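If you scroll down you'll find the structure; I have some questions about it.
Per-chain numbering from 1; labels A, B, C and D assigned in written order.
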Amino acid sequence: MSDQVILRVAVKIIVPMILLYALYVQFHGDFGPGGGFQAGVIFAAGIILYGLVFGLRRAQKVFPTWVARLMAASGVLLYAGVGIASLLLGGRYLDYSVLAHDPHHGQHYGILLVELGVMITVCGVMITIFYFFAARGRETL
Amino acid sequence: MFIVATIAVVVAMTFAMVRALLGPTVYDRVLAVNMFGTKTVLLIAVLGFLTGRPDFLDLALLYALINFIGTLAVLKFFEYGDLGRRVDSEGEA
Amino acid sequence: MELFINFTLLALLAVTALGVLHVTNLFAAVMLAGIYSFLSAGLFTVMDAVDVAFTEAAVGAGISTVLMLATLALVGSKVTTPEFRIESISVKGRSRRPLLPIVVVVFTGGILAYGTLDMPGYGDPDNPVHQHVAPHYLEESGHEIGIPNVVTSVLASYRGYDTMGETTVVFTAAVGVMILLSALRRRDSYGEEAWGDEVIDDMDVGFKDAFGETMDPGLAGPEREGPEGGGG
Amino acid sequence: MGLFLDIVSWVLLLSGSFFAVVGALGVIRMPDLFTRLHAAGVTDTMGAGLILVGLMFQGGMSLVTVKLFMVLGFLWFSSPVSTYALSRATLASGQEPFWSEDMEIPDTARIPGMVYPVDATAEGD
């Protein structure tokens, strides 16, 4: 099989756009449709597209497995940590109003952090699952 | 006028689906699914104008970006039988 | 007009579902599942559930096709034909026809459809859903939370516990996949001398990087055979 | 001016709908995959393009138009690439298009390792 230049060039152009769009979905989620879960999935889809065309090994150089696993765990940790922080600041668990002087700002920070946690976890989980499945597939070849 | 466009898109979707159901080879089905994705992008865009809320365009944008991935995954699978390989010979083969 | 679109999309959805059942090639089923996802995203859009449609778009079109294909790579795309299954059942003694499942399914479906007759109409403001907390969310979200998208404020703030549980579930799913596939790999490694597969070695190296050098010797692959030239 | 824009957008929408339906019809009616690809290309370029440009006229100078423009850009970017990949994979799988008997296939268009019926007949002679 000769090399597929068209495919690789196209993917090189479109992957950054997908990643950028994931960030847009993440941070625009307060105003329009979208949020952490969708953004995480889209980000992971970008990495997966890269892996599909450039191969698993190169994708794992760009986005190492341990990073994906670390993300999967640390997102949940961030989410729970926001809850703990609001406990320590005198509120109830996951009550973001105490995170800042103004309850509105507190809610903003809280939602931002929580959505970030969701995105990090979902992205890490999706990429981890893809890596595992793709690696298994290679064994059966 | 959006109504005409909507109906046309829905009819095109139906045709694409007939091809997906009939499709003698798997590649016909891939083609049908790819076309179905494009038609969904159009449907969402037109629906946004039809109902007077063009905010739905984010969704159309997402489909336009993501539709590509499924198609590529399927094709790669058929050409190489697995998803983890690089798409040329110099990679790992 | 919206009725027409709804009906057409629902009819197409039903046809796709039947098609998924009908085709015996699992690749074709995956393709049709992709169409199913597109259709349901369209329906969600018509029903104004843009956030749900967004999720469907991202997951259905992007990830699930890839993951289903990856699964097919592991299990193969052959499906056992119904004739074969009937034979395998009749071997046990009584010759059973697949009539009973159909009767059960039709009966259950009929009961469910009958149950929907008592439900309030779609979008009816008298729905129980719209009576209790939903009005509060809609009216108070503006000055309690202060962000324009009510879905996000419900998801992340009012129902923060639920979302945290969901995130944990997603994380648990990843842990489950890792455990299942790692266990399979481990069993393989006892029997075989070498992996013959650098990719998995790479993954093990990543594992070591993340969690230190203390690894179960059964899990760790053999030494990597020098630097590979690929990837560049 | 508003009426003029409306008329332009109607014409674009109508012709786009026409191309979408015709292309979809072609996807059903065409005999093999490569000709079907051609028909699907009509819906992807003309159909989607005209409909989206028609919607742009309705959207006016706003963010909506920018988004429509991006959608159109991505569609016109990704759909030829996936058509290319699809036709390539189909060729590699051994399915052959309707070659005419004496058709010249240039070397740049050949896929290494694939046997073309034209060569087979030439060698046979």
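Note that a residue touches a chain if its C-beta (ideal position, glycine included) is under 8 Å from a C-beta of that chain, and two chains touch if they have at least 3 such contacts.
Note that the coordinates shown come from a computational prediction; the quantities given were computed from them, not determined experimentally.
Participant: Provide the labels of all chains in contact with chain C and in contact with chain D.
Facilitator: Under the touch definition, chain C and chain D have A, B as mutual neighbours.
Participant: Which of the two pairs, B-D or A-B, is linked by more C-beta contacts?
Facilitator: Higher C-beta contact count between the two pairs: B-D.
Participant: Distance between chain B and chain D based on Cα centroids, please, to the nearest Å.
Facilitator: About 13 Å, centre to centre.
Participant: Could you grab the centroid distance between chain A and chain B? Build each centroid from C-alpha atoms only and quote it in angstrom.
Facilitator: Their C-alpha centroids are separated by 24 Å.
Participant: Counting in whole Å, what is the centre-to-centre distance of chain A and chain D, each centre being its mean C-alpha position?
Facilitator: 33
Participant: Centroid from C-alpha atoms only, then distance chain A to chain C, rounded to Å. What do you get?
Facilitator: Roughly 18 Å, centre to centre.
Participant: Spell out, as numbers or ranges, the residues of chain B touching 2 or more other chains.
Facilitator: In chain B, the residues touching two or more other chains are 7, 13-14, 30, 32, 55-56, 58-59, 61-62, 65-69, 72-73, 79, 81-84, 86, 90-92.
Participant: Multi-chain contacts only, two chains or more: what residues does chain A have there?
Facilitator: As it turns out, chain A has residues touching two or more other chains at 1-2, 4, 7, 14, 17, 25, 32-34, 42, 45, 48, 52, 55-58, 133-135, 137-138, 140.
Participant: On chain C, where are the residues touching two or more other chains?
Facilitator: Those would be 50, 53-54, 58, 62, 66, 70, 73, 198-199, 230-231.
Participant: Going by the touch rule stated at the top, which chains touch which?
Facilitator: A-B, A-C, A-D, B-C, B-D
Participant: Quick check on the complex: what are the chain D residues that touch chain B?
Facilitator: Chain D reaches chain B through residues 9-10, 13-14, 16-18, 20-21, 23-25, 27-28, 33, 36-37, 40, 43-44, 47-48, 51-52, 54-55, 58-59, 64, 67-68, 70-71, 74-75, 78-79, 81-83, 85-86, 88-90, 92-93, 95.
Participant: Sort out for me which residues of chain A touch chain C in the complex.
Facilitator: Going through chain A, the ones touching chain C are 25, 29-38, 41-42, 44-45, 48, 52, 55-58, 60-61, 64-66, 69-70, 72-73, 75-76, 79-80, 83, 93-94, 96, 103-104, 107-108, 110-111, 114-115, 117-118, 121-122, 124-126, 128-140.
Participant: Quick check on the complex: what are the chain D residues that touch chain A?
Facilitator: Spelled out, the residues of chain D in touch with chain A are 74, 77-78, 81, 84-85, 88, 92, 111-113.
Participant: Quick check: in the complex, which residue numbers of chain C touch chain B?
Facilitator: 1-2, 4-5, 8-9, 12, 15-16, 19, 25, 27-28, 30-32, 34-35, 38-39, 41-42, 45-46, 50, 53-54, 57-58, 61-62, 65-66, 69-70, 72-73, 198-199, 230-231
Participant: Help me check something: in the complex, which residues belonging to chain C touch chain A?
Facilitator: It is residues 50-51, 53-55, 58-59, 62-63, 66-67, 70-71, 73-74, 144-149, 151-153, 155-157, 160-161, 163-164, 166-168, 170-171, 173-174, 177-178, 181-182, 184-185, 188, 197-200, 202-203, 206-207, 209-210, 228, 230-231 of chain C that touch chain A.
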